[in-house]
């Protein structure tokens, strides 16, 4: 990400010193404090989400646009009963001058993060693909999520995972009827759209590691000693992101299930810390999940102002 | 052409399809071994003394001993602040809080200790206070000033430089100003020379040269050929061997077989075996001073364009060619058996080959034109055998 | 793939091989003119393939050949040759070369044609009236240091000679009955698939022929021949010339061809038996 | 109704988020920048335009065509001689397009032509604000309009908010016009892209209307810019 | 969950191993007859690892002068990984026509590059590149771990300086309570599994990769099993590497 952005040695030292003193460049007071998250759902559209991370002073740090589109395609040969799902993550010139406009290599961070989210949703069956089948072996829905970065100051992975899940939860695909293998697509006026089968909501959280010592010392750390080898920082800004040396990504859902746990290289950290952080991630993720559900709920109510009047259901207290 | 030449030798490795349930390494297998290096030094000496004659059992014991000497990456070599780290090691500092605090508690003096770890597979070498680990699998050349090496030109750059592959992790540089220009030792270089660069030394040419300088942690290497013993190589063939098989010596140029064969053992693992025109008066035994003398008289004629010519000496006869091939194979045999290559060993393998030839019966022995022995030697079994005989012979002599 | 040799080195090798009398010529590594380089072989080392071989040449080039057998329903629309072409599948990949390399496709074709031409019909691979065995021969060359076709052909030969096919236990006439062939659970049998091997022969002058030339010999030869050989002293087509250098390449006397055939015939069986 | 937000991307020199009744784009301008060697022109600045589609990987041929059109107009408007051997980069991301929804483009070839025109129309107006925001020297102002002609009516497409209505129109021809504005008056035509069946009279009529719309639209933009200037230059007061 | 009984009451797995038993681990330098000692080409030797039925070949190229001038880092070497999963490596041959690597392989390449960039002492080789070429010949579950182990051995065999030995092992979980070490392909296919790599057999985790649903509360036990497996593997690797190179030792002294 933004490999060409050169950080001067003094600035680098300054940021690292700040971190060592539990201070952040953008004014946050703790290494584990996250920036405020705003979820905006575009009215009158389905699956069109804007996400914002706000700094303490109210300015927007990172802004992401997630958009779901669906089309009918032929399924893969090996899986004739399942729809397909893709995520397209791209940085472009809008995110900042240091982002290349054209396709970057497969070895880039964006590619890797995009894949993480894709497999987070696919491998854990968060999206029910079988529900997307129209005619087995011939026609299935292809759901694709496009993530556009409109403003970038770190926090891509978390935001993208939140954005994708919110968009998928919110999206409605057109209803179809199949008669004699002929597929008719109904517009939203004819028939109400069909929600996607989202079975659970995995959210990713990225713990960024900053070494406090030389690589050699960290690798050779005595197992028993209680030495602190590294700083763990949540929700890095772009500059911090470029200075980090290793990361640890966990994706969880509310049901206390790990959906993904990734530590792709970087400086090693002790196993007990990984366990500790995994548990620490749970409340954060629960909170985020609730935020998503609330945003969708509010939007739902706005759309169907009179639904409760028409409903025959009894009121129940739902937590 | 003898009839019993083996057309194709195939070494078969038949894997008797491993049964998964057999051969399982048990989880609790106790493969723990202690590698205690600080204490093993003395024991080694004792062991060596004991092992004067070797039986099979003790052979194995010796192997074990040897294995214990090998340090693998990440192993702690020494724990002390008195030593310095050398090649292939890295250090960490450990803050020690000495627990022998006195009752008042304020003498809690923090002490620093240096841990030296190995970063490669090798054996320990200790020179005074310098701790380093010698690589077992050395395959990259690390330049030192004054090394006599052979390089191959891979690029002629526009900036009056040649880039040479010298088997290191970077290419070395040979500047136009550090070669002998044609037409006299002390001539200043002019623009004509720059234009002629490509004619003097081409891509692919092998250059016999010396390391002039090493900068920036061993990665900027400058070479020079400003002596008549250096320059373009002709009349022979190159063998590349593994780096570790050549050791730095006083001289790297050796003459064999009545001075008709010259072998240059480049420090970087490149070995040049070539025909050497016999010196005009071959009376003297002192090669060094003689060659210098002739050098001086020949300076004028030799530093013409001829020293950069691509044409080999037309007088190399079959006998010499066979000799060159033979020495090439000798070097290969030594390399094959992981034996360090030096003048003495080359000679003794040469002897062995002569006798091997005779022993192996059925082989017509006309030593003057013995091509047959050459293709016999291509058999890895034979190579191994000769290597074994050599080692045995050396052990006998001690 | 091309090793860099210095001009003087090349001319030294060339001089050694272009003397007037053959007896005065000498190969750079001292081999006999008809001697091949030593190989290391690991036969049948992959146990999820029907046949496999790994051959390591003296210059470090490694060839891995795997043969997998699959059942294929015959397409009645195809004629014999088309069917055969579909039954034999060759995939050659050399990571050092890019996929569209001409040399690569040439070698792939040559191996495929050799096998197809020798099979003479689909009978050998027929399981039942409706089904045939489909062979997938994957060839992988790593550390490719010189022209690998000779090595590859040896590896393919030894793979095909050790490829085991499943044994049919159901009826072999299923034209009328709808039935998928059934195979024995573990019993396997060898089906001998004739496979020619390819010799690379380097030509120096009118007389000298070198079998299995090394890289330096390829780079100094007048010309090279690819000669296919199949058991019982038979040289078979196609025979091609191939050049590896610009400096020394020139035409050769047609008489050399018959000499080359004789040479290959004289050593062929010994090479095959060594594998 | 056109809605404009300028300086939305503080990391870049100039930016604008523009939403019309049926589309939404965000554009950014950076420059003058140090270009790569191949972009370098000796006497003027190079202009690079990148438009990203609202979904999928891009730019696809559809966007490349749009990029070309935008670039040629910008070439004429930007004072390129001021920045020799430099690069002006214009990035656009289409956020909403009326034909995003699945199936809406199917079976109607006119819609396929219409959809990039709508996107491009918004890109033009948005990039003008971005250019002003980035303080790149311009020779003149410009405003882009997209008009559709049906049997009896002339429609300013940017103002149609009901998507279904838009889809139901049976346009005879479409006209995308970019007009130069000097001294608050629309003058030269910078780009004219007309598609479909039309005759001379239609075109004259369209141009007349376009001038009127441009006049009105420019007033609107001018007010916004006035706002911006008064905010940006507070210290002058 | 599936039709297999992955862990029966006698504590045995489908291939007869105990839960915490590793697969057969055998590594070698392939050119056993030492021809590489005098190869004209760059002297790289191929390292071959057989971990159960996983068969992996690794060649390391470099450190050498980068061919692409723009990639020079004047302070340290750059590392690149290239994984080639051969088409015949699985029981059913991969019918994909194109030779391009699939997305999972690209992910592995990314992870392995990141992993070894901290382990190799890159500062020793400024302005050069080290490229790791992996060829997977046969797969049998836990390929990633086999690749990582094989690269470690190959780095040692090529005497590239590394801080410590990296070992990796795959772990699966049965019925939410039994942990299986070093999976075979059936186990990998049907169980929740993950790969863990540690430095020097200690408890410093360098790589972790879980892509299946997995109960959060079992993570601690998961790590413990993994750490144990890695530390045993480290001993095995150390021993094998030393055995492999023993014959070369004789001459150094």
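As written, the chains take the letters A, B, C, D and E, and residue 1 is the first residue of each chain.
Definition applied: a residue touches a chain if its C-beta (ideal position, glycine included) is under 8 Å from a C-beta of that chain, and two chains touch if they have at least 3 such contacts.
Chain labels with UniProt names: A, E = Ribosomal protein S5 domain 2-like protein; C = Ribosomal RNA-processing protein 42; D = Exoribonuclease phosphorolytic domain-containing protein.
No experiment lies behind these values; they were computed from the predicted model shown.
A.B. asks: Which chains, if any, touch chain A and chain C both?
C.D. replies: B, E
A.B. asks: Could you find the chain whose CA centre sits the greatest distance from that of chain C?
C.D. replies: Centroid comparison gives D as the farthest chain from chain C.
A.B. asks: Kindly indicate the chain pair that has more C-beta pairs in contact than all others.
C.D. replies: Greatest count of contact pairs is found between chains B-E.
A.B. asks: Which chain maximises the distance between its CA centroid and that of chain E?
C.D. replies: Checked the centroid distances; the maximum from chain E is D.
A.B. asks: Quick one: most central chain, C-alpha centroids?
C.D. replies: E
A.B. asks: Which integer distance in Å separates the CA centroid of chain B from that of chain D?
C.D. replies: 70
A.B. asks: Distance from the CA centroid of chain B to that of chain C, rounded to the nearest Å?
C.D. replies: One centre to the other, that is 37 Å.
A.B. asks: Quick one: chain C and chain E, Cα centre-to-centre, how many Å?
C.D. replies: A distance of 33 Å separates the two centres.
A.B. asks: Per the centroid of Cα atoms for each chain, what is the distance between chain A and chain E, given in Å?
C.D. replies: 29
A.B. asks: At least two other chains touched by the same residue of chain C: list those residues.
C.D. replies: 38, 40, 45, 47
A.B. asks: Among the residues of chain E, which ones contact at least 2 other chains?
C.D. replies: Chain E, residues with two or more chain partners: 32-33, 35-36, 39-40, 44, 53, 163-164, 199-200.
A.B. asks: List, in ascending order, every residue of chain B touching at least 2 other chains.
C.D. replies: 11, 13, 74, 90, 117, 238, 380, in rising order.
A.B. asks: Please give all chain pairs that are in touch with each other.
C.D. replies: Touching chain pairs, listed by label, come out as A-B, A-D, A-E, B-C, B-E, C-E.
A.B. asks: In the complex, go through chain C and note every residue touching chain E.
C.D. replies: Within the complex, chain C contacts chain E at residues 3, 38, 40, 45-49, 52, 56, 58-60, 62, 64, 66, 68, 70, 91, 93, 95, 99, 136, 138, 140, 142-143, 145, 215-216.
A.B. asks: Using the touch definition up top, name the residues of chain B that touch chain C in the complex.
C.D. replies: 1, 5-15, 17, 152, 154, 202-206, 232-238, 310-312, 316, 318, 321-322, 325-326, 328-329, 371, 374-375, 377-380
A.B. asks: Tell me, which parts of chain B touch chain A in their complex?
C.D. replies: 74, 90-93, 115, 117
A.B. asks: Over in the complex, which chain E residues touch chain B? Could you list them?
C.D. replies: Those residues of chain E that touch chain B are 15-18, 20-26, 32-40, 43-44, 50, 52-53, 62-65, 77, 121, 125-128, 156-165, 181, 199-200, 228-229, 232, 235-236, 238-239, 241-243, 245-253.
A.B. asks: Using the touch definition from the top, list the residues of chain C that touch chain B in their complex.
C.D. replies: Chain C residues touching chain B: 4-9, 11-13, 15-16, 19, 24, 26-45, 47, 211, 267, 270-271, 274-275.
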